[in-house]
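Each of the next two complexes has subunit A plus one more chain, namely subunit B in the first and subunit C in the second.
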Partner chain A sequence: MLDSIERVRAGEPRAVARAISAVERGGADARATIGALYRFTGKAFIIGVTGAPGAGKSTLVNALAKFFRRRGARVGILTVDPTSPFTGGALLGDRFRMQDLSGDAGVFIRSMATRGALGGLASATFEAIHVLDAAGFEIVMIETVGAGQSEVDIAKHAHTTIVVEAPGMGDDIQANKAGILEIADVLVVNKADREEANATAAVLEMNLNLKPRIENEWRAPVLKAIALKEQGIAEIVAAAEQHREYLRAHNLLPARERARWRAELENILQKQLLARALNGKPLDAWVEKIAAREMDVYQAADAVMEE
Partner chain B sequence: MSARPIRVLIAKPGLDGHDRGAKVVARALRDAGMEVIYTGIRQTPEMIVDAALQEDVDVIGLSILSGAHMDLFPRIVELAKQKGMDDVLFVCGGIIPDEDIPTLKQMGFTGAFGPGASTQELAKFIQAQIAQKRARVQA
Partner chain C sequence: MLDSIERVRAGEPRAVARAISAVERGGADARATIGALYRFTGKAFIIGVTGAPGAGKSTLVNALAKFFRRRGARVGILTVDPTSPFTGGALLGDRFRMQDLSGDAGVFIRSMATRGALGGLASATFEAIHVLDAAGFEIVMIETVGAGQSEVDIAKHAHTTIVVEAPGMGDDIQANKAGILEIADVLVVNKADREEANATAAVLEMNLNLKPRIENEWRAPVLKAIALKEQGIAEIVAAAEQHREYLRAHNLLPARERARWRAELENILQKQLLARALNGKPLDAWVEKIAAREMDVYQAADAVMEE
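After this line comes the complex of A and B, so read on.
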């Protein structure tokens, strides 16, 4: 164990990969791994990339990673795709769009399946971020599942959240809804060579302008990019770094960190309390009682807790 | 703590660009409850082994149609061993002549699934092999 922790800290791919598998398994393995690595975390710049399926998240992450690599930073990437609720299987296809990064020892990519977690991340994404952070990756990028409107967990974990939109995704009512646009620290209109790109950017700008101005509050810039041709990438990195600088200058990092720890603590407590409440027992009998209208869900939940 | 889903890397080494079969297999294994990482066409042995290492997969599935399997497959097995992946299961498919199969088996390929093979059979084969490996590790 100690030996493997040293190898994780040295960034050895096999050790890092195994450590991520350990935190994915949960239980004692996760505890031991996080327990040994946690004190080495806190150095990475954590960037979240989210947006609708097909908006270009993977392609953008690929382009951003290449940009950071040219500067010499080591880049760790976690990409999340959904687990089928029916079979438990998953097709993890983000890596496919990051082939440019293949063979570069300064890049580590891990595909994660959600394994039942909602919110746009995998159930062990938190812990996997720690592993990459402790392994010395200066940049850690997390690509969420193709997000709809409420997969906003990424904002709790990332220092800076980039929301990617493709042209023609919706009208101004869509843009005014609560959810994913609200968590954007940087907004990117990708595929900007398409006709509707300017209109989409204008709708996003207008939406931002409707928000009451609060003094010293960060306003997400709306940037146009063509990720596939690596156009607009330097501007996105500059905006992300300005955002990070803003967080530092206004001393907002401690608050973000604490929000992150609170979310993580709640997440782990939920898992542990659920495990304790169930104690390995199946819920089938309760489900049957609910289906037979003998009990409602609240009564069943109370009964499970009391059992 | 339940066993983790079987993780599989599906890759196409070499230069042929026809990946319909690899995609069908990827989808079938997903439907069999596995986590399948598809890396695409024109992969070098180094790219495949690096990806398998980072993804910590249980299985590497290689699909090839070009006829270069006897050159590329040994290189991939060798590299994987060099990098410490001594417990990974190798399977292959595509156009593999029958006379090459004994040699491939010696190299470490546990199964070869060519045209006409059933994807369900493939899934069952992988599940059985991994169950055996996991039982051995626990014993």
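After this line comes the complex of A and C, so read on.
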């Protein structure tokens, strides 16, 4: 790793890919990579793009990337699938939808589809953002699927989160949209040439208006787009940049960044403390006692702590 | 808490509700509740129901609950929304969709829509399942939204996971379904009176067939249902029970349960070890150094460990 830092910083794709693989592996590799690159971070504009399957996230990310490329910015893209496809299909799907971008050396695309614990994936994504940031990508986009806690966690990494909806999705009671609306800084109704687009936009506006208005608080705009035809993209970028300015003007970025680092630091400390406390000794005997209902998990924890 | 254990065990709704609130609060309250109830657990059949918004999960849970009630079984339902609605709308939505069940003392419904960390929600859900199990609910259903890591985590709590799809959802490349297919023990195409139902079922079958066949491995059946009209419910229950028998016949439940308890035990130990190590001392100074790029998070962790 150490001999290729200059190549990572120059944005050389294979070096960047290797550095992200290192943070995905975690442990000493992640430590060495972050140790070498962290001081070069803090410059990228980090944009999260999320929404339900079928909303057209990848197409929108593709269109946004092309827009930023025309301005001359270099663009790094992480597609994060918190579930673990057994087919590798997600990756193929992304490649298909983002084929416009292939062959452009100013664009780096990486799928973070990974088995393993959420903490692992969220941490690896956070560190991969730092790799792309250090590698000089002015724009880093993180694409995630759905509205689960993992997306909320990953949204915390982004400066600006764009939530994509397709017309007519959730023809159901709209309440289940509340969660995803909460993380949205910019809302996009994609596929806006469909007839239900105006109705969907109106429902989103209505849901946003349920939230009590707080003075000086950012209100997510609801924008319409046809990502496939690259229509409405400039407006989305303008809204994202207004949001970024809002964060700067209200000095909100430092608090976000500190909260994230505190969580990461606690996460690393917890793992190290547990490893040190157990010192290679397995927990199996305690797990057996819990399974046999001889003690509950808290009693087992007490017993381990006493040892 | 301690004086109402008998009332929890008798399934008295207010006592059960208080016990679940106690595990949601965590800390000493969760500890006391689990300590009192854990030895009475291990009897419930735990069914997870998940799928994208709009698939009709709540309607299906409602229909399944009515089916089980006709058999005389008591049914506990946890609806888990890993995001945090600012309106409380999700809860209203659930109540609306499950109004058939209201007034039936043999049914207990609780929304776990909770702010806070994923670990917190996953742990609280796990413990709430134990409360319902100890309270004598023979059937415990956990309804979750979406396909994120949090749903996968919660699926680990269930014996049998039912994944619900609506016809025509994900008219997109189907690859993003792979993740949710992996957790499905039973697949249901709901709203099967829509014309795309057969096509959606065929796509699901096709995706399942991409998975390499392993001898003696459970193959998730793809079933059609119209939950609103309570059609196809008996077949879903039969498939879920076949899956439960499969788990028993292959002795797969003990390993699942142990893996879950191991993760919970590690989680509790990590928190206790960190609290003991910091002993009330804040991490602020280290977070500041990280934010200032004076050190990276791993160096900060090393420094804290040395202290």
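Criterion: the second predicted complex is superposed on the first by the 230 of 307 C-alpha atoms of A that agree within 3 Å, B and C clash if a C-alpha of one lies under 4 Å from a C-alpha of the other, contacts with A are read in each partner's own complex, and residues count from 1 in each chain.
Basically, a residue touches a chain if its C-beta (ideal position, glycine included) is under 8 Å from a C-beta of that chain, and two chains touch if they have at least 3 such contacts.
Bear in mind that the values here come from a model prediction, so they are computed numbers and not experimental data.
Taking subunit B and subunit C in turn and counting the residues of subunit A each one touches, the greater count comes from C. Applying the stated contact rule after C-alpha superposition, one finds that A:102 touches subunit B and leaves subunit C untouched. After overlaying the two complexes on the shared chain, residue contacts for A:262 are found with subunit C alone; subunit B is out of touch.
In the superposed pair of complexes, A:145 makes contact with subunit C only, with no contact to subunit B.
Contacts of A:291 after superposition on the shared chain: subunit C is touched, whereas subunit B is not. Contacts of A:54 after superposition on the shared chain: subunit C is touched, whereas subunit B is not.
After overlaying the two complexes on the shared chain, residue contacts for A:111 are found with subunit B alone; subunit C is out of touch. Touch criterion met: A:304 reaches subunit C, while subunit B stays clear of it. Comparing the two complexes, residues 83-84, 87, 89-90, 92-93, 96 of subunit A contact subunit B in one case and subunit C in the other. Looking at the complex, you find that subunit B touches subunit A at residues 1, 4-5, 26-27, 29-40, 43-44, 46-47, 50-51, 53-56, 83-85.
Contacts from subunit A toward subunit B in the complex involve residues 13-14, 16-18, 20-21, 24-27, 83-84, 87-93, 95-96, 99, 102-103, 108-111, 113, 115. Of all the residues in subunit C, the ones that touch subunit A in their complex are 30-31, 34-35, 38-39, 41-42, 52-54, 56, 81-87, 89-90, 92-93, 96-97, 118, 121, 145-153, 169-183, 207, 210-211, 254, 257-258, 261-262, 264-266, 268-274, 276-277, 283, 286-288, 290-291, 293, 296-301, 304-305.
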